[in-house]
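Each of the next two complexes has chain A plus one more chain, namely chain B in the first and chain C in the second.
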Partner chain A sequence: MDISRYEDHGQFCSGHAACGGCVEALTMRVILNEIGPDAVGVVAPSCTAVILGGYPTSSARIPFIHGLIETAAAMGTGVKRGLAAQGKGDTTVVCFAGDGGTYDIGIQALSSAAERNEDILYVCFDNEGYMNTGGQKSSSTPHGAATGSTPLGKATVKKNLIEIMAAHRIPYIATASPSHLADLAAKVRKARAIRGMKVLIVVIPCLPGWGVADDSAVRVARLAVESGVFPLLEVEDGVTWRIASDKTRPIDAYLAGQKRYRHLSDGEREALQAEVDAGFARLKALEAINPG
Partner chain B sequence: MNKQALSPLWTHLTSEGNRTGTWRAALPRYQDQPSPCLGACPVSGRIATWIGHVEDGDLRAAWEVLSDNNPFPAIAGRICHHPCETACNRAQLDETVSICALERHVGDAALAAGWGFAAGPERGVSVAVIGGGPAGLSAAYQLRRAGIAVTLYEAREALGGLMRYGIPSYRLAREVLEGEIARITAMGIDLRLGAGVEDAAALEALAEAHDAVFLATGASLPKRLPGLDYEAGFVVDSAAFLAAPESEQKAMTGAHVLVIGGGSAAMDVARTARRLGRRVTVMTLEPEGRLPAQQVELEEAAEEGVAFITGAMLKAAEGGETVTIAAVRVTFKPGETRGQFSVNEITDSAFTLACDTIIPAIGQDADLARWGTVLGTDGPVVGRRAGRIRAGGDVASMERFVTHAIGMGKEAAREIIAELAPDAPLSAPLPGPLVEYARINTAYHPGHPRARQPSAPLPKRLESFAEVQQPLPAEAARREAERCFSCGTCIHCDNCYLYCPDMAITRLFPGYEVKTDYCKGCGLCVAECPTGAIHMREDTP
Partner chain C sequence: MNRMLNDDLQLLNGNHAVAWGVRLAGPDVAPVYPITPQTPILEKLIAFQAEGKFDCDLLTPESEHSAMAAAVAASATGARVFTATSSQGLMLMHELLHYASGARMPIVMFNVNRTPAAPWGFWPDQTDSLSQRDTGWVQLYSEHPQESLDTVVQAFRIAEGCELPVMVNHDAFYVSHAVEPVSVPEAEAVRDFLPRRERSLWLDTGLGRSIGAPAGQEAWHASRREMDAAMARVEGLTREAGRLWGEATGRVYDVLEAYRMEGAQLAFVTMGSMAGTAREAVDALREAGLAAGLVRLRLFRPLPAEALRAALADIPVALVLDRNFSPGMGGIVHQELAAALYGHDGPRLHGFLAGVGGINVPVERLVALAREYRDAAPTHAPIWLE
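Coming up: the complex of A and B.
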């Protein structure tokens, strides 16, 4: 039996404000424990900020600065440079943001930090929409998914942040999933040891936003990986692609587990399958260009 | 450096003061539940538990769990009809787990290591067990474990009953039989071999002399085929044939043996006759695919050159230079209960067949008349009981499976123990309904084909009575154990702990506890449990 293990050192505390069954809290648990105590965090307004905060309490054992939504990468830059100036250059600086604060509102700061190759670990909890404001679409919302502002399904495709970041030729980009916790922990460990800009994108099936049952977010994330909707991959220096997960099933079960896709016609589902197939084939082609 | 006062802008408390458990409507509960294999097992074996020990490489622990319900794992691992495998949830993913082969693996390891059973502290009560077959020995074993004295009466000169006198050694090696029986007699049993209990009066006398009696004399009366003269020289009783030594078996049979019947005993007769160098034809009422023998027995019989005529009924047999039988094709309809059926002759389908010997093997009945009115004669009844006398095994059931008899012996012994030695420890049955396939998270059980036991090569098989089924190699057995879903059994994998977003599971090594202060009742631990051993319950104050 393949159990996905990681170590918990108590770096993330019970009593946080995440919805029951929220796997954003679960991935924060894995990431914060892997990062350890010698770290400073910054967080953009997001579900993550809600889960971390509730002044005057914090669910994280490391200090976090709560800033504005467009500033996660800029805050991280400043904190890291400040620490370095104090001779604390080994302290990890981690930025937490949602997909709204990453794909949309924070992309200018993120792109600038990436271009300067700042030594920060940027984690995007990607629940594919503005979920803590009631579920509006973001540029991460996938094609066809219904949100509060795209009730008939989003007409355009999900922004390809992985390729945007790869174009910056930063040292490390990875995707991760709450269904593969050991893989997530290993990627955080690997990223911590790399100097320069690291971006980690974690898929977070949102219980109310995606219309998923309270006990099913891990299952839906696993289906996202297995159906090739959200492959587990790593990109080094923007050019070496490694696709670690296989596409082992059609997207039907993945779509069927979510209310945001239930309006789709058979034809629309087939079109989405074709998009997923093409996207996965493109990743395999990128992997083949420069076998690591 | 001066200590700086903490800025009021900084948080100074953790979130642990928030009791998020108050959000909850349901609470996870750890509760092992019976697996489908347990539900189907004639001895109610804790299969998921002992297979878990095999997976961990702890065969001693596996054997201890196994032998709690069955003192014959090496025997059952060879000849059990394994309804557990038919019930196995894994069949819905790929293929059923090779439970029977794993049981043999554990049983053989125990015999090789010489592990023994301990008798319980003496309780000063005694039970007479009548019949030293699987039911009687199983009961004697359970009673001795509880410290109850046992006097065992066996009509023959050796113990084992059907396992010795009915099952050929190519299915059950004699050293295995001797080894597992010796382990029970070593617990201290007053053995009376060659001492049958003849009639109701003798039975009642034993009931007076002991605190309880367990009657397990089996089914010794052959069923009779109409249309066949059992006094004719060419008709041989199947039970007598199987019980006879090889030299006598040769003398009993001619060159072409016709075996009547499609059950296990018929296959045993047919394959034994093949090993004597006889040509063998098996004729059954049942059509192909409906024969009651185990599939593996039918396959191996066919491999060994046994010819089958299915869906046919013997009408008459006439002796002479060779024997000529008259038969007719039939359609077969099974009845409501096991052993009942009706047949219809197909018109113009009569045929004849020449052979030298006919061995009907169509089953045996219990000799109930012998016990007069002590038990009643209105047919066998499971768990029949009259005062201090309980009956079990074939004398009290129509099931006709060795492991069923072992299970009945165990159940009768448990009843007797509860009555005569209420302080003796008895393992409690698992509560709750059988675990359904839907409760298994198959993401943790990657597809893997079932391990198959190797068979002895064909031409050699017919040269001796050596065992046909060969053991699983140790590594294959461990890998096969890994295939088990462990339905309803906590395997301490930590998944519930690892997947909790609220750090609300405490590991107790072994086991887990839910922190009710923080558990929000989401059920992720239940959904990600690979074995279905956690359950959500409505959380009422």
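Coming up: the complex of A and C.
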């Protein structure tokens, strides 16, 4: 997508409260424009809630309920059921939560909503840590990454939310990146047309949390995709895997652009490369089992 | 037409009476998680739905926490919402109870009062709901199955009248599973009693206004002042609902019930099923020549302090029976009553931890208590009843 020619529908307003250079605002703009005006949002305490702004202003045209951190999926359920009970079942319900509100404290409610196949679009802005509280580790923080609570690097691997959600056999799971906005927009359009539970996980390089330059979040996100750290994929009904991005470069450039990996030794970097290679190979194997 | 003549008298336990009240009130959405001894409410509602008699979206999320989160969110769309729980479930909901009242969601919840763990117990005890007293929920306590049916319907009218959530409580097993003849009103009478009201704020795609967004200090402060003003209206709304319900069904309710208080020289004060025992003790004492009476508190939050003071004016001594326990302080109704009476002329107070853990408190025990304490100096420490 050539962003200079982007046709904006005005669903996300200027004056929002994101950090300068933050790409979460960019992805919110694309997602809210694709969802359109007939929608109600749920937001968990997160960077997204901050970006939406405080009372009495809002950077979104659609109404939001600012829920509790572990409740995004449960509140999405309630909004959908309440609207449907009043004859407004066609209104889209979209939930926004961070990785803390999704991988950690919100996973119980998310699993339950997935098991019930609630008709909601659940968007996780995955910046791989509690960045809104100053940058502590979550279960989404990758192996080796330094955070406020893992200053020597996280000793364990990132939780595999995609496979957890796939095991629920929900209709649609996708990953997206602010470096591939047309792909993001297409996935939101596709998700909107599907009845049932949709989960979209968007990688959000956090400028202070990851220690990247103010103008480089899109570049870092692109490197995450191209190095196979964060592949662009879709999973339908939990069984049909489509891996749309190739692994075209080693992870060196991706790691080098981030302060959170600065402490790694050569050996640790090689070990991370082996983990990424194995993870990508596993995805390709899943794709081969049941090609769409 | 006298609607009482068309009443349908059924043998119902307390929980099934609640389910009948909910069916008549007609909520749009009901997220409920099972827990002993609440579960018969959920199962009866599901049975009504399966019979095609209850047009409500019933859902069963993975926890009470998510049940209340879904209840809040459904209510935020303008839907009428019901849920039910007990003990651990209520306490798991705790943070959402604050959210529900702060966001001014008129949810009605039925709580079956049960002992909190540890140790595990399944016995009648009001500590679960009384420890939620500062969450901004209106709290009502019912004594018997008929009152539980009647009160759950009235609760919707109160909640929607002040846009605050309402919790109705009855005791585990003594009420929840006790079977009594219960008059089930006509659906039409309930529809007239409970008209749909437009909410002042709901999630509307046409308006785009949000709910619960971070507020500055002034706005947050104002939200509590507004809740306070809404709470101040609850006593009147409860009386109005009780009066109108009386016109429709013949059963009138107030914020408290005064039983044989005329000329009383001693009063028991309690809530819930303990009132049944206390009522018999009052009769026995009156029979034996001691003018005893009973004040049964029905509305606990907001506390009807003025009504309590008026009911106990000129009564020399009051014995408070608390089936709950606040460690380090004693009985919660005792504390509340002492606070309401402070600085006013009122009875000498004695607070009894009566039936904590569900243990039986026989009528004779209360009769003996009355004789023992009628002339005693007031006591401040809680007194345990064995």
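Quick notes on this structure:
Methods note: the second predicted complex is superposed on the first by the 285 of 292 C-alpha atoms of A that agree within 3 Å, B and C clash if a C-alpha of one lies under 4 Å from a C-alpha of the other, contacts with A are read in each partner's own complex, and residues count from 1 in each chain.
The rule is simple: a contact is a pair of C-beta atoms (placed from the backbone, for glycine too) under 8 Å apart; a residue touches a chain by one contact, two chains touch by 3 or more.
The shown structure was predicted, so the numbers you read here are calculated from the model rather than taken from an experiment.
Touch criterion met: A:A109 reaches chain C, while chain B stays clear of it. Of the two partner chains, chain B is the only one that A:F12 touches; chain C does not reach it. After overlaying the two complexes on the shared chain, residue contacts for A:L83 are found with chain C alone; chain B is out of touch. In the superposition on chain A, contact is made by A:A74 with chain C only, not with chain B.
Of the two partner chains placed by superposition, chain B and chain C are both touched by A:G54. Touch criterion met: A:V42 reaches chain C, while chain B stays clear of it. In the superposition on chain A, A:C22 makes contact with chain B only, not with chain C. Looking at chain A, you'll find residues 53-56, 58, 61, 63 touch chain B in one structure and chain C in the other.
Across the complex, chain A meets chain C through its residues 37-40, 42, 49-50, 52-56, 58, 60-68, 70-71, 73-79, 81-86, 88, 91, 108-109, 111-113, 115-116.
Residue ranges on chain C touching chain A, taken from their complex, read 28-29, 31, 56-57, 59, 61-63, 65-67, 69-79, 81, 95-96, 99, 103, 203-205, 207-216, 219.
By the touch rule above, chain B contacts chain A in their complex via residues 10-20, 23-24, 443-446, 482, 491, 493-495, 498-504, 515, 517-518, 520-524, 526-528, 530.
Partner chain B is touched in their complex by these residues of chain A: 1-6, 8, 12-26, 29, 53-59, 61, 63, 179, 181, 214-219, 222.
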